[in-house]
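Letters are used for the chains, namely A, B and C, taken in the order the chains are written, and counting of residues starts over at 1 for each.
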């Protein structure tokens, strides 16, 4: 393995591992002598010293690690403060409405109503801080119960859950009858 | 910001974020035009094409992400734990290919093509993060529409949906004849 | 596990159809529907469980095949353009579409293997920067949505859920299994014969409370006649039947 190839392999390993990796571990993975690995690390350091590099190598006792170069911090701060544009998609809104009205509610119940796996949607809502775990249901498997947060109330401008518009019982009955009627029509071929 | 500096900043950002970052977000963080950012990404790609590089750039729709070069695999499996791979059965692959090519598509349409209930298959693909809900169709019953995710692009090594393998006309004709022949056979009751 | 088998092997009629065609490549011109059905039944048995989904889907496919076959035996239909319509066209279309996606799914599988060779990195924000993680802007996140929209969305969901419940099937009453014991009925009829000696069949039936009781009573009468316990007479077509006990004659 020449210097360049060795440097490439070390770069790939350090990139994937994230944490620091001991020199002897690198040597073992590459099937090289430790002194050769050290030489390849020197090559890497030189490569990272160029203006076109955003990353650098951090040398610890008998180990090395990749890190971003100090000069790049201002861009990292910029990217951190320009977050992805978050919006509530249809899937998220549906899930949120179920949790708001049926809380405390399990993910399974949400999925039963929506008819589709809702892991992702529930997780996103938790990430956004609109939904939180309320505890576990006293049932087989002890599933998690979810409910809305204070942030939910604040964001939607309500003081308490009682302010949620109530479901019209008449309307629910209407839906039921419509569904039955439609089924009758279909069979009346 | 010259090309090299831009490339360095992008490298630092992608290295830190790990996940894919949209080109327009990069442009905003760097205070650059999108076209300049694209040019800097080209610079990065060239840099990573050299023998001394262990990492590469992955282009996904309107985003980019860093990954290791596939030649590094043999060293990486020595040291890194291989990512858990979801085993896709024939049924799942079939469903996935229909969703990939026909997206946005409803479950009903998938079932029409496969001739079989596909609830389970679609749900599994959503669980694996390969498929996601795109919204609801503006049609009676407002059925859910499904499409593939970025994880799908990554898992199947395609940069955009346009890169999906396509069927050439010869093959289509071949299949057509096969299908006609098979239909005849079936009808020979 | 039956469910696992369904996942790994087959999931449905188009897949099954292609597989069975494939299996029968040798004498491709004389696969009767009977053979297909036979093989299908073997698969069902393999699954061991009565998976109604698979079964009913197969029936749909089989019915489609028979429908097409029937139409082919009839004079050809002519469409608006005056062309003869080929009843097979629809099936060919379906098979073709399915075949294409099946092929694509193999293409996809091959690509998946290559994608395994790439490794990624976990998000790792340096400590000094972590504090800058932008807070969620709830204004843009919530956007135009408000509580009454949330209410509307929930009502819509409830409505769709209502639609999913099959109102026809859910209206079906319970079908009670009615047990009419043949032995008890036989005893009853024999007692009746003993008491009445000569009686009207119609009158006997009128004493029965349900269809199945009538059926069983009729069966008992037939049985008694076979045993030579009774004699029956009928004067005219649709007239009443008179049953006479032969026990007195014998005794």
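Throughout what follows, contacts are C-beta pairs under 8 Å (C-beta built on N, C-alpha and C of every residue); 3 or more make two chains touch, one makes a residue touch a chain.
For clarity, every value in this text was computed on a predicted model and none was experimentally measured.
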Chain whose Cα centroid lies nearest the overall Cα centroid: B
Farthest chain (mean CA position) relative to chain B: C
Interchain centroid distance [CA atoms averaged], chain A/chain C, Å: 42
CA centroid of chain B to CA centroid of chain C, Å: 38
Where chain A and chain B are represented by their mean Cα positions, the distance between them in whole Å: 18
Sites on chain B at which at least two other chains make contact: 15-17, 66, 68-69, 72, 76, 80
Residues of chain C engaged with two or more neighbouring chains: 119-122, 124-126, 129, 160, 163
Residue numbers on chain C that touch chain B, as the complex places them: 7-8, 11-15, 17-18, 21, 24, 28-33, 36, 53-54, 57, 60-61, 65-66, 68-69, 72, 88, 91-109, 111-112, 114-126, 129, 156, 160, 163
Complex contacts: residues of chain A adjacent to chain C: 12, 15-16, 18, 67-68, 73, 76-77, 80-83, 85-88, 93-94, 96-98, 100-101, 113-115, 128-129, 151, 154-158, 163-165, 167-168, 171-172, 175-176, 178-180, 182-184, 187
Chain A residues within the chain B interface of the complex: 3-5, 7-13, 15-17, 21, 25-26, 28-30, 43, 47, 50-55, 66, 68-69, 71-72, 75-76, 78-79, 82, 84, 89-91, 115-117, 119-120
Contact footprint of chain A on chain C as seen in their complex: 119-122, 124-126, 128-129, 132-134, 136-138, 140-143, 145-151, 153-155, 157-168, 171
